[in-house]
Amino acid sequence: MRKKLISMLLCATMVATMATGCGDKSGNDDKTSSGANSETNGGSDNSGAGGGSGSSETVDLRLWGAEEDQDYLQQVVSNFEKAYPDQKFNIEIGVESESTAKDTVLTDIEAAADVYSFASDQLADLVRAGALAAIDDVGEVLAKADKTLDDVKSANAPDSIEAATLDGKMYGFPTGGANTYFLYYDSSVISEEDAKSWDALLAAAAKAKKKVGMTLNSGWYNASFFYGAGFTTGLNADGTTTIDWNGTSADNISGVDVVKSMLDITSNSAFMPIADGQISNTIASGDLCAVISGAWDSSKAEEVWGDGYAATKLPTYTLGGQQIQMAPAYGYKFEAVNAYSKNTGWAVLLAEFISNEESQKLHFDMKKQPPTNSNVLASDAIKADKAIAAAVSQGDFGVIQSVGQKYWDTTKTFGEMVAKGKIKAKDDAAIQKALDNLVEGVTAPLS
Amino acid sequence: MKVKKMKDKRPSTIIMHNVLIGILAVIWLIPIVWLVCQSFSANPGINTSTFFPRKWSIISYIKLFSPDTVAQFPQWFLNTFIVACVNCVISTLFVLMVAYATSIMRFPMRKPLMNIAVILNLFPGMLSMIAVYFVLKTFSLTNSYAGLIMVYSASSGLGYLIAKGFFDTVPRALCEAARIDGCSEARIFLQMVIPMSRPIVVYTVISSFLAPWMDFVFAKMILNAGVSSKYTVAIGLYKMLDKSLINNYFTQFCAGGVLVSIPISILFMIMQKFYVEGITGGAVKG
Amino acid sequence: MANEKKSTAAEAVSGFFKAVGGFFSSFGTAVAKGDIFVKLSLLWWGAGYVRYKQYVKAIIMTALEAGIILFSVFFASQYVPKFGTLGTVKAEMIFNIDTMKNEFNDYDHSFMILLFSLFSFVVWFVAIVIWMRNMANVYKLQLMEENGEHINTFKEDVKLYIGEKFHITLLALPVLGVVVFTIIPILLLIFVAFTNYDQQHMPPSELFTWVGFSNFITLFGGGGLTATFGYSFVRVLGWTLVWAFFSTITTYIGGILLSLLLNSAKTRFPKFWRLMFVITIAVPQFVSLLLVRNFFADNGIVNTICDNIHLTGFLRDIGLVSTDHIPFLSAPGWAHVMIILINIWVGVPYQMLIATGVLMNIPEDQLESAKMDGAKPFQIFTKITMPYMLFITGPALVTDFVKNINNFNVIYLLTQDVYTTTNQALANSQAQEVDLLVTWLFRLTQDYYNYKMASVIGIVVFVICALFTLVAFNYMIGGDKEGTYQ
């Protein structure tokens, strides 16, 4: 009722605007917040008509996925529609990579897709903004798929469910695992033994006049040095981040020494710092003989290095005579349900469908996406894939990175300073200062 | 220094002079040549080792016209064309209307309105973007071309100054004579001033037609459903340079850039004459 | 135009107040001296017109009044009362298994409250203006009736709108467009600068509220140890001004020189050469700049060539670069210079076109007499050509400077995703050495949803532009009076 009045009045005041506008209105009339407000008033009327299963109304859903997954998602959606033959759907697939989902969703949650995928490091920010429907609250709808929430939880690797859970509630269906980075190398230049430590790696690369590449100006990559030495990051309830890199770790290693080790590596002429996002580009240039990257670059690496293509866990680095294993950030991909979806129930069912065993298997077959489903993980095809094997092998020491919003820019700048040699290995005080600044920036209250 | 040579009419200085222009032109054209070369490269990623592609091919153009989920160039082109045409009509009307009212007519609020326009032009457009978005959302106009057209055209009246400068050159006596003959203002506007102002009309039409081809910020904000077939050329091409796509789409981006630039260049060449006339027509008068 | 320019800002302001004063006084007279119908029009807008038999007008005014009342009762009343708090009820949802939908409580959406309250204020403001004007009009009718003058029929009134009042017809839609798409958004964001609208307070799930001037205090350095907005602001502002100065001057002078070069009698095929330069501006900026960015990337083609001709090695030997590539767009200093150089590439052809047009009109006799007096070409350039150019394009130079302060495209397209700052204090407030105030503002809204700080920065940008324009125009108007070239 109220909504009608509003639009009527707006029409009256904005005749000109609406006259042009009405001609081209697409199917998102109900996107205004007044629409959301009136839901409570209108909802009770609807429940009578739409009650029971398989209503005759067409269900409109919007699904976002990465550019490279579009054909896969089309197939999943058609499978989904087949699985519910009684219900008419109108499912639109849009492009939004899981790595940037948060940025787009938070701009306007109500305009975001009903179902979208996101990377696990965005979970806290999305939950805090109220963008995600808690699966526990809506889990009963899974009965339509002859499942319970516990079935979903037990079908996937426990770590992935844990990563999807915040304050005791699950906020997404795991669809992809081993979202991490490891070492690709050209076995015609670097032996399996050389690939185990940075020192040997760089020496072998220097001999072959090639380079070893790694992205340092990203808190996702450069944290691996610190995590390996026993340092931690954490997330507080208020969204601030905790970080201890300027002190001494549980393994009794000081942060300054870690930075010195990093600077030893970056000052080696066989090392090449690669800007975030430029990795596959750089692989293609052919200058590299080894690079730290994730499963998404496997086809590029295989194409460039051919038979020499190999992948293994991250190397160790030298710190005061001892070898320290780098520990990567280890993440997952989840399928989210928008809290402000107009069709929450069906959105949950679609999200669950994308995360089920059949879809995950399809995803691996089509796109080499490492799965989280235990049955798919156990399949032979997975075990035969070099990149996925390397990624999964890091599950034991990989760190599920839970950090807040302030973490990223500050660590990015810190990594850039190390990569560019802006701080010198000899200058302990300067390193300590940089680390203190880093900690101060990361732990700053959100403004 | 260049001016110094003006007195010299010896052939050697003429050659030097033209060589200098030639060198400058080459500098200016290098990136454009690179754009064209890359668009004909067989390797879809960025070629970083040689200026000219190692292998020539028209594969990028072929791919551009065989849409996949990422690139739907023909569709984008059509979308942008529609937006551009409508925007062109509305913006041109608005600009000419405001220019006529402020230049030829005299009314009490004229000066204050012009001052307000100057002030409004000082606000950074980026700032109002988010608010514009919510205004559009209130009217359910996000993700529609109507919304996009409104963003481009609604405030176009503020860009009236060049046209006003030109209208100021229309002899006042002519208008007065027409008024005495009993012509209504509407007739003076439509049948006298507009026909006399062809350069500025052409300039306004072309520049408002070009705006949607160039803008990616507002378009990206408003067409945010993520559906590739709804993009304009600018967003579509911009998205091709995403980290995850650049290695497979860089040459297609170049090809798309070339294809968009050709019609724009032609329009621009038509426009440059009027641009010069229109701008100086207004500027000479201060 | 020339004498129009002479009206200084002060005169403009006083003129404006005079107009407003006249407006109020005519309203006052109408209320005081009007007859009963005029006075009745205070309540019922159509009353006066009924009295003087302008029935169509009466209906229109009555309908308008009814519309505004309905608007106030059913629309504005939902939002305006909450304007003081910007809402108190948070969104809560319950999943209804029967409808398979989430059901929401009647929650407050702070942004909508702000937007619709503002919208209501604008409508009311317009309504009051119409109301007061209406009074004056009705009183005028009364006077005309008393003096026995002819009172227009509705048809005659309408005819006025293509005649005397044609400007109203012309301006109605453009002004409406500007109000809705420029003025309301600007006012809205001025309000946001006084709220705590940021990632922690994002509607629809959270509420935001008024915080007074604390955002301004944060920007000007009072924000505690970790919030480095004050620190970043000074640096970003510095580079913004440096950039605006150099980008304006270089393209301006470059454009004049290029146009002199092309228009010289010694140039063969001037049209062809001009075409070569114009092509570069015909390519849309997002294509040409993104391309140039990849052209100069750390592992891009230019670096490969520089490496091959050993330029990189040479620069490293003399200590200009410390890496194995030239950081054209990725290190401070280098990036600053490159951005200005690339802007010359983008901007000079434009300025060349304008300069060509202006130089065609340069008074021949002055040039001739100068040559007769034996002036050197360089003297002609500095004594005649440049002053003439400056006189003609001076105002454009000022607007160019303001445009460059807000030049989003060049900076954003060249540095986004490419440049990473190594200054931790800048990073803490999400700024970079190469940021302009507008790109910083854009990043704050797009990536960090820090709308409150972005709004504050936007207001500061406006103040800077306004001050500069005011000073520059006043100064130039002083110089104009000589009228050398008239």
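Every chain is named by a letter (A, B and C) in the order it is written, and numbering of its residues begins at 1.
Here, a residue touches a chain if its C-beta (ideal position, glycine included) is under 8 Å from a C-beta of that chain, and two chains touch if they have at least 3 such contacts.
What you are looking at is a predicted structure, and each value in this text was computed from that prediction instead of being measured.
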Relative to subunit C, which chain has the most distant C-alpha mean position?
A
Looking only at C-beta pair counts, which chain-chain interface has the most contacts?
B-C
State, to the nearest whole Å, the distance from the C-alpha centre of subunit B to the C-alpha centre of subunit C.
18
Per the C-alpha means, the centres of subunit A and subunit C lie apart by a whole-Å value of 38
What whole-Å value do you get for the distance between subunit A and subunit B if each is reduced to the mean of its CA atoms?
38
Which subunit A residues sit where two or more other chains touch them?
10, 14, 17, 107, 276-277, 281, 285
Of all the residues in subunit B, which ones touch at least 2 other chains?
46, 48-49, 138, 150, 243
Quick check: what residues of subunit C touch more than one other chain, meaning two or more?
112, 173, 180, 297, 299, 417
Where on subunit C does subunit B make contact in their complex?
1-2, 5, 7, 12, 15-16, 19, 111-112, 115-116, 159, 162-164, 166-167, 169-171, 173-175, 177-178, 180-186, 188-189, 257-258, 260-262, 264-268, 273, 275-288, 290-292, 294-295, 297, 299-301, 303-305, 345, 349, 353-354, 356-358, 360-361, 376-378, 380-381, 392-393, 395-396, 402, 406, 408, 417, 437-438, 441-442, 445, 451, 454-455, 458, 461-462, 465-466, 469, 480
Give every residue of subunit C touching subunit A within the complex, in rising order.
67, 70-71, 74-75, 78, 91, 93, 95-107, 109, 112, 123, 173, 176, 180, 198-200, 202-206, 218, 223, 225-227, 297-299, 322-324, 330-331, 417-418, 420-428, 430, 446-450, 453
Subunit B touches which residues of subunit A in the complex?
10, 14, 17-18, 20-21, 23-26, 28-29, 31-32, 62, 64, 66-68, 70-71, 92-97, 99, 104, 107-108, 111, 113, 276-277, 280-281, 284-285, 296, 300
Hey, which residues of subunit B end up touching subunit C in the complex?
1-7, 9, 13-14, 17-18, 20-21, 24-25, 27-29, 31-32, 34-35, 46-51, 94, 97-98, 100-101, 105, 107-113, 115, 117-132, 134-135, 138, 150-151, 153-158, 165, 168, 184-187, 189, 213-214, 216-217, 234, 237-238, 241, 243, 250, 253-254, 257, 260-261, 264-265, 268-269, 272, 275-277, 279-280, 283-286
List the residues on subunit A that touch subunit C in their complex, please.
2, 5-6, 9-10, 12-14, 16-17, 33-34, 36-37, 39-40, 43, 46-47, 50-52, 103, 106-107, 109-110, 125, 128-131, 133, 137-138, 140-141, 217, 239, 269, 272, 275-278, 281-282, 285, 339-346, 405-406, 409-410, 412-414, 416-417, 420-422, 434, 437-438, 440-441, 443-447
